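The first chain written gets the first letter, and so on, giving A, B, C, D and E; residue counts start at 1 in each chain.
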Amino acid sequence: MGLKAYAFETSIRGALVAGALLGSQTARADPPALGLETIGRLELAWTFRTGNPRGHAGAPAVSGDSIFVLTPFPHALVALDLQGHERWRVVPDSDPRAEGLATGGGVTDGPVLAGGRLYLTTLDGHAMAVEAATGRVAWDRAVASLDAGETLRNAPLVQGGRVYVGSAGDDAGARGWLAALDSGTGRELWRRLSTGPDGEVGIGPQFRSAYPTEAGADLGVRTWPPEAWRQGGGSPGPILADAELGVVVYGTGHPAPWNPDQRPGSNRWTSGLFARDAATGAARWFTPTNPHDEHAYGAASPNLLVDRPWRGVDRKLLVHPDPNGFLQVLDRETGLILSAKPIVPTNAVSGLDAGSGAPVRADAKRTHADTMTRDICPAWTGPVLAEPALSAETGFVLLPTSRLCMDLEPRDSGVIPGTLSIGANVRLKVPAGPAGALVAWDLEREAPAWTAEEPLPLAGGVLATGGLAIYGTLDGRLKALDARSGRSLWEYRAPSGIIGRPVAFTGPDGRAYLAVLAGVGGPLGQAARGGIDVRDATAAGGLANAVRQAAYRDILGQGDESGSLLVFRLP
Amino acid sequence: MRALAPAVLAALAFAGCQRETRDFRTDPPVLAALDDVAPLPNRIGGAPPDVYVALGQPYQANAYALSEGKRLYDGMNCKGCHADGGGGTGPALLDGWWRYGPDIVSLYVTLRDGRPRGMPSYADKLNSEQLWQVAAYVQTIGSYRAATAATSRNDQMQSRPSENRGPARAPLTEPPSR
Amino acid sequence: MSAPAILPGELDRGAERAILHRQLERTWATPAGFWGALTTVDHKTIGLRYIVTAFGFLALGGVLALAMRWQLARPESRVLSADLYNQAFTVHGANMMFLFAVPVMEAMAVYLVPLMIGTRNIAFPRLNAFSYWIYLFGGILLWAAFALQIGPDVGWFAYVPLSGPQYSSGKRADIWAQMITFTEIAALAIAVEIVVTVFKQRAPGMSLDRIPLFVWGALVTSFLVMLAMPAIMIASTSLILDRLVGTHFFNPTEGGDVLLWQHLFWFFGHPEVYIIFLPATGMVSSMLPTFARRPVFGYLPLVLSIVAIGILSFGLWVHHMFTTGLPRLGESFFTASSMAIAVPAGVQIFCWLATLWDGRPVWRTPLLFIAAFIVTFVLGGLTGVMVASVPLDLQVHDTYFVVAHFHYVLIGGAVFPLLGAIYYWYPKMTGRMLSERLGRWVVGLIFVGFHLTFFPMHFLGLQGMPRRVYTYQPEMGWGAANLFVSLSSILLAAGFALFFLDVIRSARRGPVAGDNPWDASTLEWATTSPPPPYNFARIPVVTSANPLWSEREALPVVTGLRVDRREIVISSVSDATPQARESSPRDSIWPLVTAVAASVMLIASIFTPWAVVWGAIPVAAALIGWFWPKGLPEDEA
Amino acid sequence: MRERVAIDLAHLPLHGRSTASPTWWGTLAFMLLEGSGFALAIAVYLYLLSNAPEWPIGAPAPDLGPGIALTALLLASLVPNHLVARWAAKDDIRRTRIGLLVMCALGVAPCILRIFEFRALNVSWDDNAYGSILWLLLGLHTTHLLTDLGDTIVLTALMFTRHGRNRRRFGDVEDNAVYWDFVVLAWLPIFACIYGVPRL
Amino acid sequence: MRAGRRLAIGVGLGLGLGGCSGSQSALDAHGAQASALRDLMGLFTVVCGTVWLLVLLALAVAVWRRRASGREPAEPGATSERRLGIVVGVAVALTVLTITGLTFASYRTTRGLTGIADEGVTIRLRGYQWWWEATYQDQAPERVFRTANELRIPVGRPVRVELAGVDVIHSFWVPSLAGKQDIIPGRQNEITLKAERPGIYRGQCAEFCGLQHAHMAFLVIAELPENYEAWRSAQLRAAEPPADPEAARGRDVFLAKSCKACHAIRGTPAGGVLGPDLTHVASRETIAAGLLPTTRGSLAAWVADPQTVKPGSKMPLVPLDADELRAVSAYLASLK
């Protein structure tokens, strides 16, 4: 089986990700020592407190005997040795106004290590390169404008001498864009937007969509009411690169504002998947997954690139757990959807239209201005917020899922500078049954191989290594399961909820290490921290309502005042 | 006793009027004077403008002003960050544990000038009277004001007990020590 | 001459007439003075009080109407601000419906029914006193609020969401809703009293087919009240709950419904019109024979049409909602049922015309009012047929056409008979006649003034003038008609002013009336004018539908009742055979205390729901005081 | 006007019972108007139900326990209620007193159960219209329970005073029993609405 | 400011007379629905008028016919009772017949009203306290736009107006074209308009909706289809950048002051939704929901002192100095 695994740096919706080819960029992630037999012996080596109370998403970067942690906003980039001693620390200047745009808990991701440099983005819109050895800032560019409502959430993607950076700011009505910077100097090479005229979006002769609906000039303008595309949203999600095809692939966020009646039309190029030429940014293909997005789903979820046979033919696949609840498998050369199956209970979308690839929406769950639609599943947060992983040993895709539903009442919303024009009342709900699950998806059978149910939604990424599935939960449990069966093998109780992704590596001493950031936050963990009053059901994007229900109640107030890095080691 | 009755009645009448008057038009000079707040150097608390005192603090206990404040709270996208008082991207207002304190002048200054951590300035979006109305409404969210003149629920999604019901339920968590 | 002591259990047999009167006087009379005024349970005192209060509210409402006409006389006039105008028309409408029209009709029944059926007091006289106090406090609540500029400003039917928590800030709409509660409690209490009085206290021999038509009207009205008013109680309670504690009855987002309010309101609101109108037709039917000098034609059809109107009135509420987008076919059903009510109404008109035709009319003021009523009401009824038609209603709904229509029906159909009734029964109530000369002026001014005021409004409506606008723009071309209407309203107001003048003047100076100045046929004319506290020294025995005409020699009466306690005759429901000698309660302060306690509770509950809890305690205490036996002869059984 | 005596009524009782009593008719009239209140509240319930895409809205159906217990209790209370009425009709003061004490207890018990019933609704009055109408229905009926309980307690106290031995009081007891019947019977359709309809 | 206020009153009372009035009368029918209703109204008026006159006649005769005198109450004879009975019976029967006939006529018209096909233009109309927002719908989203307080419709084509409720109940009523239909929060209503000839038809909110219910008017302008299409394409364009310096300064003031928080002008950053879309405000006949004709003077008056012109309206007084006011009014007047 020509199976090739990629792992990525990611983050969370709204805040997002950057993927990286793990093999070339970070420490090799398959220490032979960490496996089914040894996991029970894993023990905590040391912890490092970041002193930052926000949610800690993503993963640290590891190189040799150094671990690099980018703390949440206001950021600090900290280099630690393998004993947990601080080597150096870079504290970029921060613009506190960014906190006003920090939707979904304002979690960020990074850093990314490449060629001896750490690349990172800051919430307040800077992209930076820092020498890994010394902590010297190589370059620092302001690429996103807070005034326009833009922030940076995803870790950058570094590939082929270019640093790809995607904006965030759908809820502020900012037009999403993807920019490529020169990795040496930080100079901007190109910038492509998710809405607007073809020239700005990068639609040109190279563009060939698998679906006829995408043909036509200036769809980024013409599928909107006049001028509405100027506040259209559609910020990129985690970015993946396929060096072989020379493309970068990412999903775009939801259109702005939430109220669908304010933006009739299919609202190109939001809520869909883009493949762009890695060198020029020209669009190769676009596949809409939630055109005229009525539920603020977007399509900016973390994806996986998988090369494997599909119905007998070797294919380059894109595995996309769409926020509408369907796991979509696409051919990443053409953007054609090969398969779409629900991975969580869904009712908003009943299936996909074969001709256009567009979701078939259930009338009962459509939304309209000033009208409440109840019990839409999944919720706007989507089923998968954090990085899935491909288990090399089993071939299963390990998906950390949440099963939240929502009540949604879109309302007219104006574009007022400096404010978030969400314009919707929303309450998240925990449906009957478990609120989350780790789903091991068998691509072959297009069905789950096994499901490990969780009382709380899963909001952190999964690490697949040595036949294990390792992930953290909102109530601070770090768990290791047998990737073949889902059997629980090991569990550790962290001081705070985990929304980060564990990383495993072998130290220069040859011992197997496991590192993970703990610090609850993000769209699904925000309410556990201070600053949110859950008496208001609509607080924190409606999360407060879910928190008032069920198991969530237990984690209230358990957010540590500081996040921490936990480093485990096999003896 | 005889003398008391009319006095009580007059007091009631006055209180009633105070809560219920609807002055739609404020003279431009008054509007300008209403902006003359004197916040303390740390911009927390301070003295309200003379005209505000002279008018008898016309917004904090006036039902119409509060309902206008609530309308503007919704219309000016305050909900985008603070939700219906529970917070989100911005801090919660419902708990009453406010970074810049519950003083009306603080609120006014917060709204007018913004605050460094993401709170935008509304000076170019609302006039001084409207700023007072929103400030007064926000005070009722934190239950700093008597409930009789406070607004009731909106014809929208139910999110929490409305301002006129005050702190109807105990919070599930202790207020954070901020 | 001091009266001999009354022995316990002494009967009225064979006593000297003068002595009997004095004995009954001692048992039944309310002590003079302030305390007596607060404690009285005499249906005549309370009824009169009710009538005077209601006319007081009529005058206040009329002043508001004039103020509104002043504002509307010119386009973009600034006599009243929009805010004040909206309060004015709301208070005018609510006042006229809830504080004048319904109460005055019930008050007339409170005064007249016991007299007309030959009993000494209404059933549950203390409830009656309570009803008046509650009504008075409710009225004061509304007007005090208006005086303080917190009058409700949402229209007399207070449609949500405008009256709901979001769009009506402050306590204005709550005051409207709670005023409803006050007046409904008062009206429901009277309805119960009237029903029981008519069922159980009729003079021996007054079988169902001998009941005066006014009493029939009052009876059917009382049933309408009991069946319809709970709807508005539910509605206003829901509204207060929505506003105060955040329920969602009328919030469409959370499963409530805006039209639910309209359904509930009009399920009450349409019968409400008949609650006002049926007693008025009863008055006409009762007055007409006196002046036509013959028994009314078609007693049975008249009774049946009163009952039929009562039943049909519950089947037409949707015709107030034709523009709300309900299914058209369903609406057509309501068109049919609304028009069907024209049939019983027509039957009444035809019977009255037949009575007049066959009689020998005596042209006194009450008959003039009846003629004015027929002319005006028929026109109002016919425009009613027009608004009952779905397509026509789409044009005229909520315009001045409708304003004209319902003033024709309510003033023409109810106030004209009422004024006639005041002229007719005033001698009974006061012992003095109203001026016939002024009376003719009153009829003329009101009739002419009314038509000049309201007839042009039909055209204003068709020309597109919506109702409830505080002003209109000059270019609309409505100025001339509005000015004409406003000037005419002065004429109408002058008529009413003259009426009030006559009423006040004649109370002292009018010619003494005597027992039966009109030579009428019903029992209330068998006693003195004004009647003694016990109404009848001896309860009459009824032998026909027109007892005073058929028993012109001597009225048959009963004996054997005790004089040492307030005693009345209880008779069977259908043929009025005597069943028991029942006592009637003495005066008491407790109804007033209870009314005060209940008012405190109701008003406080606008501000906090807990008022219902702590407010219930004094109410309960007062009720115990009310019902606890005091060991009086009335308590004997 | 001249009069002639036609009948003498001295033989009639000083107080009528049952249909010869105005109080009885008054009770009936109050039952009619309160019954129409109940009917309209139920109509509101059905109207909201017919408008809603799902019912109950956003909440599980109410728990049956307290409701069934209360219904059983109310139905059971009809037996002593009718016994009291019968004893009162026979002017039996001793039994009437005992019966009234029992009825007081049987009036207090449902009020206590009612507290649990409100909790078992699984929805708050301010959650949505479904919750609102449930609380209204239950509240409306609770008001009747409480007022009749108050009435019964006062009447019981009265029966133990010197005013007790009076045909009038026995009549009051009978009327009170009729009203309790009404309170119990009015509960049945409300019970069906609150507990039955969401389970259909 | 004082001057502005006086100006406002002057405009409100005086200039308002000029120009913009359209017909607003149910009797002046220019639409299919309104004509049917007017005809039915005629029928009802004739029938009801006749009935009324007959009753009056009967009353007059009953009153003035000759008869024996005497005050003693008469016991009616059996014959006369029977004769009267027959007459009353016949009258009641005639009443039933008339009522049935009218019900039938009414029903027939109702059926006719619902029978109009709904092809052509679709407009989504929302009533706000106290103005109207119209969104012209189209299959192509780029042809969807918002305007306020004025509907332009092509003559001869049915126009479907979808009525969506937002705040309180309003009622959409253009008497010359059709009957009224309420706009109810939480419910979807619609009405079909069809103008038979070009003209300006005035409409007004017919359901009491609060303080300024009286000033919640709008115009329906029926135009020849080609004019309509031209208008529609013009409306789709974003606002032109102002040509003359004063208007340009006005735009800057507009964007610097609080105007932008509530109003949208396509082509500028202003994107508020609390007030009417002003992209082409000067192309509309009136401002402030039919209250004032659109002139630079009335725009200035309205901006200078809205609470005097329309007390209680949601338009706040934005403090502007004289120059700013002049510039803003120039800018707004340039938004054709």
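By our rule, a contact is a pair of C-beta atoms (placed from the backbone, for glycine too) under 8 Å apart; a residue touches a chain by one contact, two chains touch by 3 or more.
Computed from a predicted model, the values in this text were never measured in an experiment.
Novice: Which chains, if any, touch subunit B and subunit D both?
Specialist: A, C
Novice: Find the two chains joined by the most C-beta pairs in contact, please.
Specialist: Greatest number of C-beta pairs in contact occurs for C-E.
Novice: With centres defined by CA atoms only, which chain is the most remote from subunit A?
Specialist: Following the centroid criterion, the farthest chain would be C.
Novice: Can you work out the whole-Å distance between the CA centroids of subunit B and subunit E?
Specialist: So the centre of subunit B lies 37 Å away from the centre of subunit E.
Novice: Nearest whole angstrom, what separates the Cα centre of subunit A from the Cα centre of subunit C?
Specialist: Once rounded, the distance between the two centres reads 71 Å.
Novice: Would you kindly tell me how far, in whole Å, the mean C-alpha position of subunit C lies from that of subunit B?
Specialist: 46
Novice: For subunit A and subunit E, what's the span in angstrom between their mean Cα positions?
Specialist: Spacing between the chain centres: roughly 51 Å.
Novice: Quick check on subunit E: which residues sit in contact with 2+ other chains?
Specialist: 165, 185-186, 260-262, 274, 311-312
Novice: Give the residues of subunit A that touch two or more other chains, as numbers and ranges in rising order.
Specialist: Touching at least two other chains: 370-372, 407, 409, 413-414, 416-417, 421.
Novice: What are the residues of subunit C that contact at least two other chains?
Specialist: In subunit C, residues 83, 161, 166, 242, 245-246, 248, 251-254, 256-257 touch at least two other chains, as defined above.
Novice: Of all possible chain pairs, which ones touch?
Specialist: Pairwise, the chains that meet the contact rule are A-B, A-C, A-D, A-E, B-C, B-D, B-E, C-D, C-E.
Novice: Give the list of subunit A residues in touch with subunit D in this complex.
Specialist: So the residues of subunit A in touch with subunit D come to 364, 374-375, 407.
Novice: Write out the stretch or stretches of subunit B touching subunit C in their complex.
Specialist: 13, 16-17, 19-22, 24, 63-64, 66-67, 148-149, 151-158, 161-162, 164-165
Novice: For the complex, which residues does subunit C have touching subunit D?
Specialist: 11, 13, 123-124, 188, 191-192, 195-196, 199-201, 204, 225-227, 229-231, 233-234, 237-238, 241-242, 245-249, 251, 254-257, 260, 263-264, 267, 515-516, 526, 538, 540-541, 548, 553-562, 569-570, 572-573, 578-583, 620, 623-624, 627-629, 631, 635-637
Novice: Which part of subunit A faces subunit C closely enough to touch in the complex?
Specialist: 370-372, 409
Novice: Mind pulling up the subunit C residues that touch subunit A in the complex?
Specialist: 252-254
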